[in-house]
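Next come two complexes, and both contain chain A; in the first it sits with chain B, in the second with chain C.
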Partner chain A sequence: MSNLPLQRRRQRRNFIHGIGFLAPNLLGFLAFTLIPLLLSLFMAFSNWDLRLHNIFVREPLRFVGLDQFRTLLEQKDFWKFLGNTLFLMMGIPLTIIGSLMAAILLSQDFRVASGRRLIYLIAGVLLIGSTVILALAGAGATGMVLLMSGVVCLVLIGGMAAGSTVYRTLFYVPHFTAGVAVFLLWKKLYSPQGGPVNNFLAPILDGLAGFVRVLPAHSDMAMLIASRVLMLGLLLLGLNVARKQWTQGDWGTIPIVLGLILLGLPVWYTPRWGAVPAIDQFFPLAAGVVLLVQIVLALRVTRMPCPLDEGMGNALVLSALLMTLQFALLGLGNVGFHLPQMAADGLEPPKWLNEYHWAKPAIMIMSIWASIGSNNMLLYLAGLSNVPVELQEAADIDGATRFQRFWHVTWPQLAPVTFFIVIMSVMGGLQGGFEMARAMTAGGPAGATTTLSYFVYTEAFENGRMGYASAIAWVLFAMVFLITLFNWKFGSRYVND
Partner chain B sequence: MKYIFLVSFVVLSIAGIALTLTRSDVVGDKPIVYWQTQPSPEARNRAQLFRQWLAENGRPDIDLRIDPTSPNLSKTIIQGVSGVGGDLIQINIGADLTYLQEIGILEDLTDAALEHGFDTSTFASRAVSETTVNGRQYAYPFQLYVLLLYVNKTTFEELGLPLPPKQMNFETFERLGREFVERANPPGQPHRRFFAESVNYNTMRRSLGLDVFNETLTACVLDDARYERVLELIHRWTYDLRILPSAADISSFAATGGTPFGPRLYQFKEGNIGIIGGGNYLMGAMRQLGTIELAVIHQPAEEFPNALFGAGMLAMYRGSKNKAAAYEFLRFVASSTWNQSVAKVGDGIPANLQYAYDPDFLDPPNYPNEAGCNIVFVEAVELIGVPYSYSPFVPFSISNKIDNDAYQQFMAGRMSAKDAARRATELINREIERTLRDRPALREEYERRLERQKEIDRLRSEGKPVPLEWIDNPFHRHYYQFKGWVAP
Partner chain C sequence: MSTTDIPLKPSRRRVWRTTCARVTLHVTACVLSVLIILPFIWMVLTSLKTLAEVDAPAWMPAVFQWRNYVDVFHVIPFARFYANSLIVAGWATLLQVMTSAMAAFSFSRIQWPGRDKIFMAYLATMMLPGLVMVVPNYQIMIELRLVDSLIGLVLPGAFSAFGTFLLRQFMLSIPTTIDEAAEIDGASRWRIFWDIILPLSRPGLIVLTIFCFIGTYNSFFWPLVMLRSTENFTLPVGLLFFDSQHGSATHQLMAAVTMSVIPAIFLFIFLQKHLVRGIQLGGVKG
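Right, the complex of A and B next:
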């Protein structure tokens, strides 16, 4: 009994010490996160405009309820910029595949056992040689080609000498290089005339133009139809897998519906974006027939029972991938259709950032390049090192091929990593695009590369509409929050599956 | 651990306090003034000149520091409303001045201007609307500019072509442009050399009597066949006749050499572009490239010759902690020393036009290749310069962006000229409605102007003149005078 006050004093003292330790962090969190967050929530429901309210102007603010959100949803630009954001996010599946392939590649050891001194010698000579070439030939086309060849050899030999660490570092370089520097570099690479990308493409396109010119008549239509058939094939593949998984009780109804929505998007857009409306308008009909057949097949067998949301992760990953491929085929088919006509006058490389239709793909390509070697690759590398060797050995003993070992052993074991990467990439994608828009295109041409985050910036700091900008930010937050909820709900189950 | 933490905390706190107390503006013996401007050798030279001027006039020394900023206003806005703006703010168009005044970060300089002898009666009359809001002066114009076209005379001579005349209508511009590109480019090859870098669609539509806003600035009126004509012409010149480079061509220039004003001047000097647009401030940059034989002409225009006019201005931050010292710099800007320095350097037109007729400014002795250029700029300021029009009912940043976006959409082939004109009109008018909804205090003024607009429309439909004071739009004020539609 007599120790109680002493114990309480000690507890209080410990509490004060604990708070003291936490205070800097807590104060920082309050000042720079929580209070601005609450303030922006308040702003989103007010008519806060810099012309009405700032430290010099203090006109009374008005509560406007949901007006800002209503204006936002009625504004065509918002939907356009959301579309831009989602378009850029279509690169995510490719990024994930790229990161996985890079990780698998980099988990191998490239080091050669002997002759290291000789290799170092060759590498050194190549390095000096490249520098000399650059000095002598200048940065002209020949000099650049020689230099690049030298650098490639240097990288290969460096890998042989120092092992995969060299490649891991090189792959990770884009991630720790300052963003603006990378963007400016890509802007130069994309320069329509004289840029390295178009310099590389020009002879290829010349060759392609020559090839296309000698193609038989109606080859344009054949390419278009081939692309649509392949799109149907991908749809069929997706539906077939979905049907089997559903009937076997591996996928529940909710993931099936969500997957169908994703697979249905290219079907919906084909008549709208297709090159030949007379043909493309029948695409949804053909897709409907495929769907109907699959439904009939599904209903003919007795389904194994399973929870409604079973298999969510697998279903979404597969559907997103197939959707991206379908869209890619849609675009390729359109290009193929117009190709003979374009080739008649010679094929010119794209104008990339200056052309409305190419600006977004140009940004997407750059993002994919930057993301393949990012943290995603490191996560996959860590995930690969955790795959139990016994499982691989067991599969090997069972006579599984390399691909079968990957598909049935490695890939399922990487499920937690994949799911985490997908969620983080989607969240990052929704919030991303600001730096690129600011540094490379100023959101143009004609708003083609304006993403939601850049929209928030322009509304707040160029137009002074703080309330409206806050409303956009909160809508963005709502989207990210929904994805986080999705993660909580299905993440652990996907991993356990 | 807790003692390590405590010691770290104390050390950091002491270091922070020491750093604060030893800051140069705390311990220095002279006041520091921050001048928000684009960093350039000229700005640094003027800061040096300011100190000399202070010494010569027996005034206490001031440490003038350049706070680098870009022409984009966002940095100024963010710093200003956060209470950490530069003491002196450089502004390049009146629309920005109006916006900064609306957000309350500018000091009223009317009384200071009277005291310094630099009020609105002393500088170019066309700059008055740029520097004032509701009759109060918020900035000192430190130099003027008007956007005309430079001609590289050597390029035309080498091609055996006569120099373009000082004034051209659209048809003449097109005809000369076709001749130029035919001579300059090998037949059958894509054009790599262009007649002109660009034309100003604002000036072109104004030359047809059309502006973004109506007379009272209450509505956008771009949905008009005259604007469609301008759009279609520019498209034709860019993509069909290829006498103007496309955005992609201009982007390609970026890979082939540059100057402080971008690679365009280099292309101009090399003869790949026969004509470029700009103010007389470009001549300073061109001098760095060597000698270019120059002539200056007007933008292509039809009935109403005009040119976009503006003023480089200096305003004072309302939250400045060194206002007395900042006023000293404004006094310097109003002085003959400053105006003479503008005339001598030639990076603008002196705001006080009496200095603009200095023979050394009009025909710089060291640059005979520029002879006869500055007089065209000065005359343009006096005769045809018209500032941008901006409505109090929609921020210029928004109306300008909408206008520009519609133009880009049209040039990208995303919509027809008619749709672009209609879209710009609809969106700007929707923004006006939105401003009135968000700021009901403006409604009364809007209604008043609307009534006046109806009266103007009625008088014009009857072919009667209109009192000049009824017209708020600076373009229409000049246009009505030009047409003789102003009531005596």
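Right, the complex of A and C next:
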């Protein structure tokens, strides 16, 4: 007998076994992934609508080509909801910075002591804790003080005994429990009357109102102009960094262009959203002058040294952060402008989820709370532990300050992690917002918190327009796919570096 | 231990200084952690208030109203919601871990033609937004007459490309010589899978179990779409139902929220070591 039939038999056996082990999963894969995928594609190009095809109405199912997509792109609401989704995504840079800072804090050496010294320390904590309780309770405080000091002491003792694990667990809890339960909790926290957030804000705002009332006249205009000047400053900072990196060959042209687009968004929106159009119309003009100067400065350098797509991650992170700050300043300037007027009859805390302009920031604050201690933090913790100690020591010997050590050693080493986190957050952000909208605001007020995913839900399951909802889902898929392509193109290089 | 004069022994002052720095670090981390869990503290305290106390600025109830927790079970079928959630999450997890492990075994330890192409197809579906699948899957569930049933919740959750991918990564790190030795000893494929590979990939199985369980336990979109009758509601849908029916009863709502959050928190505290490793393993490389 030759070897050949044996080998062939072996191959066939392998094939049967391979398929056999895969079969249960493959069946599910076909039934709940592949077939739905094709069905969804078909729906997006048809007039599939539960109101047209049911036991009462029997409208024939027709192929309608690109009609659904055309309706979608012509619908003003779609652009508004896309805008809402992108607005909520502006929390991402803040979240990532928060996660990074939390990871840096928690990656410090937390070993205090062991044995006798630990017992001394715990005794000290207990002593100080009970002194605080005594002092405050003596002044007529409530059980609340007792409880809070107890919690703080407990956490502190736990941390000293078990190291940073205790803190890491507490930081991570909001993310792990995130879901309808936590959203309902925040809905109550935000409640305009008697909610703890507003109970906390009310005295602060009273103080602020008193302060604003004694401000000189025209301070409203001063605050507006100051905010715009600061915005220009941020723009200048961003452009300056971009120009330097470009001429030094660290950033290529593509990241520069993408960064400029991000930086340009606040410039574009200032005349539209600004409190005083007469002044804010000049803002793009000033920005244009700044840009022109930078371009002239950049053109004096003839060296065009680096690949087009170098430095993508850093450029995007920096410009996204500056953009968020600029938008925040834009809003603050507007608020500052109206402040004296509003302070005249006492400042009211915002109505958060019930108010058109505050609903989105409210949801953003909650998401930042929920995702500072999330998987991002764990990934950063892993990344930080992989930064070679020799590099840190070398920088230390060269006399680098703490910040320099972070900026020139740690941050570049974390680049692959940051890139991964940014990609995942952007993809998640594009698809996100449904649960909050459904549990907290029902998409309102006046559609202020309706994101694309909530739009799909209402169209498909409240209006029964399955075809239309599929079309929205596919547009969303196209955007996610673009991000994925971007990831394939630039992500692998980052990881290899 | 001994207190002989070793020159390298840090001076007393140095020890003091590091201790002080570390204690500062602890205090910072502690204050931040307490700030982060502050909403949960409010949640528990509010769940122990009377309705009249809810809007009061003081966080502390005058008398702890433990009966709020009992009342929740009378106002809505909360025990039913709990049971449904555990049933759905339990079955989905069991089935998903099983099918994923078998598929991962096939993808990582058996050589068969076409294997890598199919695996690429699996990988490609991982980036599909779940949103694309919800609408057609609902239509399929209508055809299968599974709308408003727990089976309809379990079935789509029983198969996962992500789980297959995760376990495949784990199984790839087990040396193939083990299989070969077992095969020479006359073990069947199933025995190799069940008695050798599965026990060796235990860390991966634990991670997938936690991910899948907590994911299903928290999942909201699909149950919301699928479920009609109150007795089939899972916890998230049930909480929403509670909020829409008795939303002004903040104290009871918070009791319900507390009860639905606590299992997740305990699960995390006990399993966090595995979870952290799993996230870091699946994240950076994936």
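Rule of thumb we're sticking to: the second predicted complex is superposed on the first by the 437 of 497 C-alpha atoms of A that agree within 3 Å, B and C clash if a C-alpha of one lies under 4 Å from a C-alpha of the other, contacts with A are read in each partner's own complex, and residues count from 1 in each chain.
Definition applied: a contact is a pair of C-beta atoms (placed from the backbone, for glycine too) under 8 Å apart; a residue touches a chain by one contact, two chains touch by 3 or more.
Treat the numbers as computed from the prediction; the structure is a model and nothing was measured.
Superposition of the two structures on chain A leads chain B and chain C into a clash. Looking at the shared chain after the overlay, A:N354 reaches chain B, while chain C stays out of its contact range. By the touch criterion defined above, A:Q248 reaches neither chain B nor chain C. Looking at the shared chain after the overlay, A:T71 reaches chain B, while chain C stays out of its contact range. When both complexes are overlaid on chain A, the residue A:N47 reaches chain B alone and has no touch with chain C. Judged by the touch definition given at the top, the superposed model places A:G444 against chain B, while chain C stays out of reach.
Of the two partner chains placed by superposition, only chain B is touched by A:N463; chain C is not.
With both complexes placed on chain A, chain A has more residues touched by C than by the other of chain B and chain C. In the superposition on chain A, contact is made by A:Q193 with both chain B and chain C. Legend: residue contacts after superposition of the two complexes on their common chain; A:T401 is shown touching neither chain B nor chain C.
In the superposition on chain A, A:Q341 makes contact with neither chain B nor chain C.
Put simply, of the chain B stretches 22-30, 58-66 or 76-84, the part that bumps into chain C is 76-84.
The contact surfaces that chain B and chain C form on chain A in the two complexes overlap at residues 17, 20-21, 24, 188, 193-194, 461. Here chain A touches chain B in the complex through residues 17, 20-21, 24, 47, 49-52, 54-57, 59, 71, 188, 191-195, 351, 353-356, 444-447, 461-464, going by the rule given at the top.
Those residues of chain A that touch chain C in the shared complex are 11, 14-15, 17-22, 24-29, 31-37, 39-40, 43, 102, 105-106, 108-113, 117, 121, 142-144, 147-148, 151-152, 155-156, 159-160, 164-174, 176-182, 184-189, 193-194, 196, 199, 369, 372-373, 375, 378-379, 381-383, 416-417, 420, 427, 430-431, 434-435, 438-439, 453, 456-457, 460-461, 466, 469-470, 473-474, 476-477, 480-481, 484.
Residues 2, 5, 9, 72-74, 77-78, 81-83, 99, 102-105, 246-249, 251-252, 254-256, 318-319, 395, 397-398, 405, 408-409, 412-414, 434, 438-439, 441 of chain B touch chain A in their complex. On chain C, the positions that touch chain A within their shared complex are 19, 22-23, 25-34, 36-37, 39-43, 45-46, 54-60, 98-100, 102-103, 105-107, 110-113, 115, 118, 122, 125, 127-140, 155-156, 158-159, 161, 164, 189, 193, 214, 218, 220-221, 224-225, 235-237, 239-240, 243, 250, 253-254, 257, 260-261, 264-265, 268-269, 272, 276, 279-280, 283-284.
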